[in-house]
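For reference, the structure is listed below as structure tokens.
By written order: A, B, C, D, E and F. Residues from 1 in each chain.
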Amino acid sequence: MIYLTRRYRFSASHRLHSPRLSEEENQRVFGKCNNPGGHGHNYVLEVTVNGKPDPKTGMVVDLAQLDRFVGEEVLERFDHAYLNADAESFGDKVPTTENLCIDIFHRLRAGFVAVPVARVRLEETSLNSFEYRGEEGRTP
Amino acid sequence: MIYLTRRYRFSASHRLHSPRLSEEENQRVFGKCNNPGGHGHNYVLEVTVNGKPDPKTGMVVDLAQLDRFVGEEVLERFDHAYLNADAESFGDKVPTTENLCIDIFHRLRAGFVAVPVARVRLEETSLNSFEYRGEEGRTP
Amino acid sequence: MIYLTRRYRFSASHRLHSPRLSEEENQRVFGKCNNPGGHGHNYVLEVTVNGKPDPKTGMVVDLAQLDRFVGEEVLERFDHAYLNADAESFGDKVPTTENLCIDIFHRLRAGFVAVPVARVRLEETSLNSFEYRGEEGRTP
Amino acid sequence: MIYLTRRYRFSASHRLHSPRLSEEENQRVFGKCNNPGGHGHNYVLEVTVNGKPDPKTGMVVDLAQLDRFVGEEVLERFDHAYLNADAESFGDKVPTTENLCIDIFHRLRAGFVAVPVARVRLEETSLNSFEYRGEEGRTP
Amino acid sequence: MIYLTRRYRFSASHRLHSPRLSEEENQRVFGKCNNPGGHGHNYVLEVTVNGKPDPKTGMVVDLAQLDRFVGEEVLERFDHAYLNADAESFGDKVPTTENLCIDIFHRLRAGFVAVPVARVRLEETSLNSFEYRGEEGRTP
Amino acid sequence: MIYLTRRYRFSASHRLHSPRLSEEENQRVFGKCNNPGGHGHNYVLEVTVNGKPDPKTGMVVDLAQLDRFVGEEVLERFDHAYLNADAESFGDKVPTTENLCIDIFHRLRAGFVAVPVARVRLEETSLNSFEYRGEEGRTP
């Protein structure tokens, strides 16, 4: 079993603000991430799939196929987007990078069937990153 | 003469949209950077100053002093901000990274007097960066 | 369960020298790392915590709280320090990055209670890094 | 138990072409990676070993010993080499980075006895990487 | 005047071998870079153009236009190619990264007319890079 | 004219302390960099040389020759060293990275004769770097 990790990049903006909190609580909890105009990041997305290399091709997955799927399901949706406006992905959830990471994992796990999606890792900045492997997932 | 470069980071959002262009022209010129909700970046800012090392201290500049100035004049203004809302910096100019780089250069050049600010370099993404050295500046 | 990794940096110096070894053995075992004046590194520290995003805030942990704790318990202690002089952390142990990594893990695991500290990763140079997850820890 | 990861680099070339596929299938499956003249990469190799720090030295492994072994068994073999010409490593297998990663793991696991080799990670480009931990290996 | 630098990546292979040298001289001069099967690299290409931001758009150049030109004139030619086979670019010249850098500069300088191409920088590995600004070019 | 930049790494320690200043002034000027035990860094050294590619070999300089010179004159001297103890390089000067950068430039400029050394760039941390091109040198 080999693990292949492919890296993608997209830029988006968000505002951390919860409808379940008062204005004051929002400011206290989220600090400058609650600024009214929002702010943004260059997200780095790592998608890890696993499988055995095909004996004929020596490859775990057709990368062009993976790129096409991630492009259509993730990058077209989130690149150059204002995340708070994406009701389908976030509903009344705050579009933190935690929630974005989980949303991307479920989109890929549910829709990409060639090989299992084992892990999604999402860098928000060079200082912060998040990993999700599903509820049954292993510790990193 | 030695050149010291100090690196800073901030996250902000912007929307590329010019009041001097029609809606259609804006979309054609700026593409997805014109999306209504805006998008954002992790900007990397490099500030270069030059001078001779002080014979007593061996240093070109007091870094704590430089950090304080950049923090107050640049990071407090632009970190976690929506750049289009900053009328003082951009007025009717589009807040492209070109214009942001020039604005930061002038703020630093005008206000930091301990040593000359020779260059400002601003990375918008890992693929794009911009340098400005003033009108009298040298080629990089 | 989501894993959040936060990155910190500090600079310190150490000399690899064991009181349990002769001078010759020290030189043979540690080579230039045994040079009398010591040497130093820019350490990169990654702290991984895990939890479920809070339904209200969408966050696993208050990053300001984590930063404050790591700042007080780790960075103030080790940044710009000569590690061999830290008897509390090392006693008669050699301040290798292995031992530093384990020491930092125990400081964080014992004292930070908001969410579990799952992993500490410490880069000594761009070529060497160390990970520790406690004795009960999983393989990386 | 602590995990030490050491990073190495080598440059090599390969052509993705399977003797079990027709010319047309090779072109369809491998695309430009099937170009007749081959192409190449700067591979980044990460070798992870695990163990307890020696109470006397504080070290998990003698890095000079690890470097010597990896140098002789991996770098001398693959650095500045055309991978397809290495019949011992690849036989009729395509020298994909999947297969190269598995081959390197087995060379190290079989021959380096000081401490267990837990993992090999191989970066093909800044966008692609592969991990292998043996058949009994854990998920990453 | 502002300088915009855009980064591209491509993978290629080459063999350092001069028809003007004997076999022995080739081996002595180029060492393992003269290995018969060749080897390869992940090249990082930085293209710097300069200009004044357009007062309407705030941009120095239309990046889509630059990407299209570099894609067609440089990436299609050199990505996943065996450089020695490119007689038009190298003729009887050795395809060192020096010569590749100069060739790319002239292709861009001659053909891209929207704004001047000021500089080409080409990384061969993380340890080696090359810059060219034309014969009239300034020191870096 | 092409500019070749080669990157080297070394680890060293220093204490910023000037014999020309009182204890109190030292503490005020240098802050935690004045801590008695010193501290250290992973320095990244970039050496830039310039020349025309040799028509026969396509190379500006024999890299093995440059590596040997930098290894003997710079790395053997400063790697795993306590810089303050190097009286020849620093005398009564404080071993700041400014002064280290200038010292390295002069060692290389004076002793390496195959091609001119145009520039030395020295990174102290990922946030700080220094460039020197000699007194007659150009702005970066």
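A few points about this structure:
The rule is simple: a residue touches a chain if its C-beta (ideal position, glycine included) is under 8 Å from a C-beta of that chain, and two chains touch if they have at least 3 such contacts.
If you're wondering where the values come from, they're calculated on a predicted model, not measured in any experiment.
Minimum number of contact steps separating subunit A from subunit D: 1.
Looking at subunit B and subunit F, the chains that touch each of them are E.
The two sequence copies subunit D and subunit E touch through a face in which the numbers common to both exceed half of the numbers used overall.
Per-chain CA centroids place subunit B at a distance of 34 Å from subunit C. Rounded to a whole number, the gap between the C-alpha centres of subunit C and subunit F is 28 angstrom. Among all residues of subunit A, those that touch two or more other chains are 126, 138, 140. Shown are all chain pairs that touch, namely A-B, A-C, A-D, B-E, B-F, C-D, C-F, D-E, E-F. Those residues of subunit D that touch subunit A in the complex are listed here as 16, 18, 20-21, 29-31, 93-96, 98-99, 101-102, 126-132, 135, 137-140. Interface residues of subunit A, counted against subunit D in their complex, comprise 1-7, 48, 50, 53, 55-60, 62-64, 118-119, 133, 138, 140. On the subunit D side of its complex with subunit E, the touching residues are 9, 11-14, 32-33, 35-42, 79-82, 84-85, 125-126.
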